[in-house]
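So that you can tell them apart, the chains are marked A, B and C in the order they are listed, and the count of residues begins at 1 in each.
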């Protein structure tokens, strides 16, 4: 893999935007930083992280998947056809934080699992060159290092960039990243990797040490499931689901049909395991009838089930969004400590 | 009251007393949060549990929202808005008066993190408070801000900062009253053409994620099944379609009309910082004007829109 | 790229009301496009999403056996929006079929064993598929003695009457059909499934049991088998949970680390004993 430097961030972004790929990058709108399709001059650099996680670039909150028509005179009435898959553009995403890139990699292992591949995700995710921007000044709610990540983490990225004066240092991590940078003008070879190590250590030293998840990960599922602390956490939970909407690894969705007199669509919408509706059977039986089961499900999924299913990869990447936004201060770090007691 | 430490002591003592006297099996209050600008609702069942209670300016929810169907006797360490909402729960038969013990606290208002972040751009790593100021610390710097300058919007026009008429017991000194909401901005909006009003309200919710944190945090939203969750029939689409989103907020506002105590929990819980109270404030004003009713001010008066009287005005029926 | 969300278009070739309360109807589907039937290659125990345009999808166990070529059978209970809508559809209507999904019963590892099949109510669907498949001349020699216990509350609630009546006449399967209490015209067994199971279950040595039924039946049948000495590895069950995608992605049917849709719905009791009872 290769390393490069550029003297000027803007000219790099212009080159990236001129590569024939759509440029998605953090930019500020209404006082909030979000990942959006922007012109190079509007890309933000002074942000801790995007307000929402970047998952919506690959897994939008609402995504129309299939459509059908009801006109019996035309062929194919009442037969669903795929929607949108042919309109997905090649993209370059700049400015992913390493925690979020790692979160997307967790999602990727769900959307492309051992048996099925989700074409709506795959086309967007694999069609994007993902350039991360290392966190040289981690935020107050950041804890990537507590869950196995790093502010200079490389998981899920094609290229890792860091700020170097007015310019950038760049390290390619995959063949896709290599190929993309090779095609851009204005890059000087070398001069990044050496400096990166020092910056990485400095940034990591400002973050918390690892959480002790050893017990929670080693114990049988039912032992952690039956721990008494769930009830106490659930007591104050509102089941609002804010954590799930902001989480970069929460990937659950609902599928809904909508129709009018001419036809209809089938779409998926973000859903949340905090809702009682999520699990209720048609018969009225609800396998997770109370707040306690629902709260437990979320944390078990992040800290126990995903590691079990994904070869030890933690389902929490330490972005801190749920800690910041939970209206009742349910802190996943505290839950992790309870689970490992 | 001389210091926040004294107030915290008083809260903890009152909570222990409520448990010891048998007035309550559980005391609802707050404990210190684990991150800047957070506080955790804290439910104490033992004298030791009570040692964690603190007074906080970072409460994002309304403790009365936990009352409906809560088993057993509850003591509520209540700000004015929480006391009013608790009264509302009793009036609306969601919680029995005899199981409720209100420990009122004079409240100078909650702090709006967004207002602080607008004033202080450096990353804030620690937030502490005393009675009238909040103290911020970052990498190698500290700063203080008067709470009065960074209050939540709803707290700036609070009509019940000292809930002594509702509380069974009061702690802390009286918080000086504030001028009530004059609704001047909304009256100006009301005079505008319908398209402009529509655009204003639609614009408010354009970022809504339909996470329903507002509803979950609201002490009025205790319906076992919310209309947006009903499936047979399904009244509302589940996508982020603008009209479905707008319909949710509009209908929720009507369901809350004449019941809302302006506690601001909806706005504080909203992760997209939507000014949700704009939907409620106009209705609040209407209810005050037409029925001279203030929600949560009386233990026996039902909200006007849940009652019928033969002499109700009916001039809207043409 | 294969799109696993895209249903195969099918035509409703036949609708049969199965039970006296009319809550269960069996639908026979024929694929509209040539070649789709081959792509929909399934085995007993798998399920599919029945996909009604504009209404939604429901996960339903496949009641036919892959040996019954030309069509696929599903028996649908009228519960929610989609199933109610389907109960109002007509023969000839077009809808969708998405699958096959989930894992089948472990037909390979069951080879050489005696098989005890226990069904309650309308959960008999995938077990009908299994029995039809096992009774095929090319499959029957792979298994030992086959015992089938099937119960419902009343005779009118028993599905597939013609078929099990035929099986009762065969000598390569023991069929015990029972109803909860005496009923006019009923000459068969009377009693609950657990009691009949206790009476007729083969010795546990080299026997595997497949059980599908309502929770209350499972609750009382499981101890009968354990007391009889069946190992939890030889008790095979099929779970139901609310599902949407059927692909192990949307998250809804999660039971512990497993997705009922992708990793199940078939589990051994040994596996279930290590999972939360969130189904």
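Here is the rule we use: a residue touches a chain if its C-beta (ideal position, glycine included) is under 8 Å from a C-beta of that chain, and two chains touch if they have at least 3 such contacts.
These numbers were taken from a predicted model, which means no experiment stands behind them.
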- Message: If you average the CA coordinates per chain, which chain's centre is most distant from that of chain C?
- Response: B
- Which chain pair shares more contacting C-beta pairs: A-C, or A-B? A-C
- Taking each chain's mean CA coordinate, chain B and chain C are separated, in whole Å, by 51
- Query: Between chain A and chain C, what's the gap in Å when you average each chain's C-alpha atoms?
  - Reply: 38
- Message: With centres defined as the mean C-alpha position, give me the chain A-chain B separation in Å.
- Response: 32
- Task: For chain A, write out the residues touching at least two other chains, lowest number first.
- Result: 254, 256, 258
- Of all the residues in chain C, which ones touch at least 2 other chains? 80
- At least two other chains touched by the same residue of chain B: list those residues. 231
- In the complex, go through chain A and note every residue touching chain B. 30, 48, 61-62, 137, 139-141, 235-236, 238-242, 244-246, 254, 256, 258, 267, 269-270, 272, 275, 277, 320, 323-331, 333-334
- Message: Looking at the complex, which residues from chain A come into contact with chain C?
- Response: 65-66, 68, 76-82, 85, 110-111, 113-120, 122-123, 220-222, 225, 251-259, 263-264, 266, 268, 271, 273, 278-283, 285, 287-288, 293, 297, 300-301, 304-305, 308-309
- Note on the structure: Per the touch rule, the chain B residues reaching chain C in their complex are 231-232, 234
- Task: Report the residues of chain C in contact with chain A in the complex, numbered from low to high.
- Result: 1-7, 9, 32, 51-57, 79-80, 83, 93-96, 215, 240-242, 244-245, 247-252, 254-257, 262, 274-279
- chain B contact footprint on chain C (complex, rising order): 80-81
